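Look for chain A in each of the two complexes below; its partner is chain B in the first and chain C in the second.
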Partner chain A sequence: MSSLLEVADLHVNIGGYQILQGVSLAVPEHAVTVLLGRNGAGKTTTMRSIMGYVRSAAGEIRWRGERLQGLRPYQVARRGIGYMPEEGHLFANLTVQDNLAMVARKSASYESRLERALTLFPDLRIAWSRRAGTLSGGQKQMLGLARLLVAAPALMLIDEPSKGLSPGMVEVLAGALSVLREATTILLVEQNFRLASRVGDHFSVIDEGRTCLSGSMEQLVARVDWQQQYLGLTATREEV
Partner chain B sequence: MGIFLTLALNGIVNGSLYFLMAAGLTLIFGLMRVVNFAHGGLYQWGAYLATFVFATTDNFVLALAVGMLIAIILGIVMERGLISFVYHNENGQLLVTMGIMLILTELIKVPFGPSELSSNTPTDLSNSWLVGQVVIVQYQLFMIGASIVVFILLLWILHKTRLGMIVRAGVYNPELVEACGIAIGRVFTIVFALGAGLAGLAGALAGPYLGAVTPTMGFDMQLSAFIIVVVGGLGSLTGSFIGSMIIGILTAVVSFYFSSLAVLVNVVVMVIVLLIRPQGLFGERESAT
Partner chain C sequence: MTRHTRQFGPLLLILVVVALVPVLFGVGGITNLLEQVFAFALFAMSYDLLIGYTGVVSFGHAVFFGTGAYVVGIFLAHSGGSSGGLLVGTCVALGMSILLSLLIASISLRIRTVYFAMITLAVGQTFYVLSGSQMLQPLTNADDGMTVPLPVWLTHDRPVYYFSLAVLVLCLVLLRLFVRSPVGLVLQGIRENEGRVLTLGHSVYRFKSIAFVISGLMATVAGILYVIAQTFVSTGVYDVSISLDVLLMTIIGGIGTLYGGLLGALIIIVAQTEFTNLAGTYPIFGRYTILFGVLYIVIVRFMPRGIVGTILESIKRRSGQEG
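Entry: the complex of A and B
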């Protein structure tokens, strides 16, 4: 299976600290790759480095063979990489309608993608003219995902979409991610292992700024010892 | 009664001029959050160049265009050359723009000298009428009309166009705008240039109204514009328009009775508004979402 995106031995320093010290991962096309790791391991920094928000000190990020380092975030986005950050993934001062209109110019294909997003997230149709800042936590995540769906990038970088959501909303999110994965390739940062294992095909674990484990999600699900060692999960996984 | 109507008319004309200046500052300071203490310098350069062009060509439209154009060029050079490096550094903005203001103020004296330059009203706009006890000058109506046109145009751009939507989004979350594939730096340059152009237009219109342009005119106008933007509410065009009219009328009335107290009264108004409504008359409280 060919990789859309390849990250090789990525090093990133921020404010004098070595945040990433050798992250490597491959994101195969038409699959969901989940980035796992404890808090502060460097998952979000990896995402931000791919998007060009953070400058790397060493290593390579290649998109379809092209080196991404040195490009501005908007140039990365124009190459077909969509990004839903953990925080600030919508424009709180704009309406739901304008949030969705921000990602693409209106066209026939835009309208069909928009219709698909609104069918998937009917709450957004009801909240169409409301400011995004007034939506509930779950609706905000739905809007973030709908923005990606309307933008239709070749690769979606999605950072912790389940954070702060109720179990019921996580179920809705899992359904939405399942729909998204049919249309595109996803690199997902997710702390909720139950969700990650449901939607993921592949995984990479980052620990202290380094990639320490990669493989298929089936392997990780089968290896409780890996889950305990690298993710800090208990044997019963009750807390996830 | 005649005096009050005359003062009210003068106040509205003052307010129109203030609005043109404050509208640009609303874009740059209110929306982009750039503390631009060089805005008065752009106004001044617009005023001088327009006065010079009108005196030499007798073409007022050309004079207005040149006044705007010089301010736009200066604005782009300022934004790209210096201000874009201090977007997230308010102290830096303060120092950089104050430095630019001093340079612009001194530099204008090189071609035009330190004395004031008299500025004539275009013949086509010099008519006047006596309505009741109030003398209405055609140029005053022209200024009021210009400010209303600019107000409507800016409202349309900000709320009805894709550029306006991007600007509003970019002010709130510039990183996410870039993630949408939009070069936010270029958008900010366009907005800054538009704000600068409005300062230039205000300067170009101010010359004939004031009768002369002076090397210090930018400082005086800048203070009023900042007061208006704060009173109206940061980023609110409607607030700037209403604030301009309030400050304009207040200045006209107070100047007539106690000329030395005009600035003080404006500052007092700003303090009262901030005490009662810290976000300004039409401003919104910033949410953490």
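Entry: the complex of A and C
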């Protein structure tokens, strides 16, 4: 299976600290790759480096063979990489409609993509004229995902979409991610291992700024010792 | 009642009343005052596009207003007040405005907002000094300013009034369409958070430049309306106080509303005129800028969305409660 995105030995320094010290990962096409790791391991910094928000000190980020470093974030986005950060991805004072309309140079398929997004997230149709800032946490995540669906990038970078959501909303989110994965390739940062294992095909674990383990999600699910060693999971927590 | 009727009904009513002013009150003092209001209302709306919709602060927006007034003034003065002079002058002024805004954008829009504001202030002051310089005296009449003859069809008060009103309404409609367009939405996104707009694949610099060019064009048209209303132009049109006045009009009316500029211009121009008249009898009113300062503080403190913004917000809240 060919890789859309390849990150090789990525190093990033921020404010004199070495945040990433050798992150490597490959994101295969038409699959969900989950980036796992403890808090502060460097998962979000990896995402921001790919998007061009953070300058790398060494290593390579290649998109379909093209080096991404040196491009501005909007140029990275135009190459077909959509990004939904952990929080603050919406325009709070604009309506749901406006947040969705902003993504696109409208194409012939825009209306059908919009319709698909609204079918997947019917709450957004009801909240169509409401300001995004007034939505609930779950609705905000739905709007962020709907915007990605409307933009239809070749790769979606999604950073901790389940953070702060109720168990019910996490279920809705899992369903939405399952639909998204049929349409595109996803690189997902997710702390909720249960969700990650449900939607993921592949995984990479980052620990202290380095990639320490990669493979198929099936392997990780089968290896409780890996889960304990690299993710700090206990059997009890996994079952929750 | 449909949403459009609710939204545009009051505006249409105001437009009808304003259009009837010359019929009801005759021409002269009140129509001359309103012609000034029309010019500054358009100027304030052009500024609102920049500060209210894009989040870019300029302290030298008078450079566009002044260019519109001066260039058309020069062409009219040197063509003996011909329609051709007005037409060519307008085209040259708009062309200069585009070039000037692109030039300023290219050197200053990539940097932080505060430096952009400083650069616009410097450019504005440069034009202020240039317009009064002896070197350009044959063109501008330097510090003395110049009287501007108008084409025959604009030599009476009523045609000038309706011409100014028609241009204002046309520009308002165009601005309204612009801010509701996909480009306008991206500009509003930039105002909220530039980083998020980048994530969507939009070049912030390009969109800010578009906003700056459109805003500059509208301010130039405002300057043209001003010179037609005043039939006189002087270095004052480039003065930084004009930029500050329009900032005050926009903030009092309500930033990010467009219509706020109309109300802000009405309040400030009428107040300036009335205070100046009163100052003849009561010199204290000559210090009206102090009152404007107090008004500015009160609005920013208690109505940060301005008058129109606060009203719109309250209507929205009430309709939300009813719904």
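Worth pointing out:
As a working rule, the second predicted complex is superposed on the first by the 236 of 240 C-alpha atoms of A that agree within 3 Å, B and C clash if a C-alpha of one lies under 4 Å from a C-alpha of the other, contacts with A are read in each partner's own complex, and residues count from 1 in each chain.
Convention: contacts are C-beta pairs under 8 Å (C-beta built on N, C-alpha and C of every residue); 3 or more make two chains touch, one makes a residue touch a chain.
Remember, predicted model here, so these are calculated numbers, not experimental data.
Superposition of the two structures on chain A shows chain C clashing with chain B. Of the two partner chains, neither chain B nor chain C is touched by A:Ala174. In the superposed model, A:Val221 makes contact with neither chain B nor chain C.
In the superposition on chain A, A:Leu120 contacts neither chain B nor chain C.
Legend: residue contacts after superposition of the two complexes on their common chain; A:Pro85 is shown touching both chain B and chain C. In the superposition on chain A, contact is made by A:Met102 with both chain B and chain C.
Comparing the two interfaces of chain A, the one with chain B and the one with chain C have residues 51, 53, 72-74, 77-78, 82-83, 85, 88-94, 98, 101-103, 151 in common.
Chain A contributes residues 51, 53, 72-74, 77-78, 82-83, 85, 88-94, 98, 101-103, 106, 147, 151 to its touches with chain C in the complex. Looking at the complex, you find that chain A touches chain B at residues 51, 53, 72-74, 77-78, 82-83, 85, 88-94, 98, 101-103, 105, 133, 151.
The touching residues of chain B, when paired with chain A in their complex, are 162, 165-166, 168-169, 171-173, 175-184, 287, 289.
Listed in rising order, the residues of chain C touching chain A in the complex are 182, 185-186, 188-189, 192-193, 195-204.
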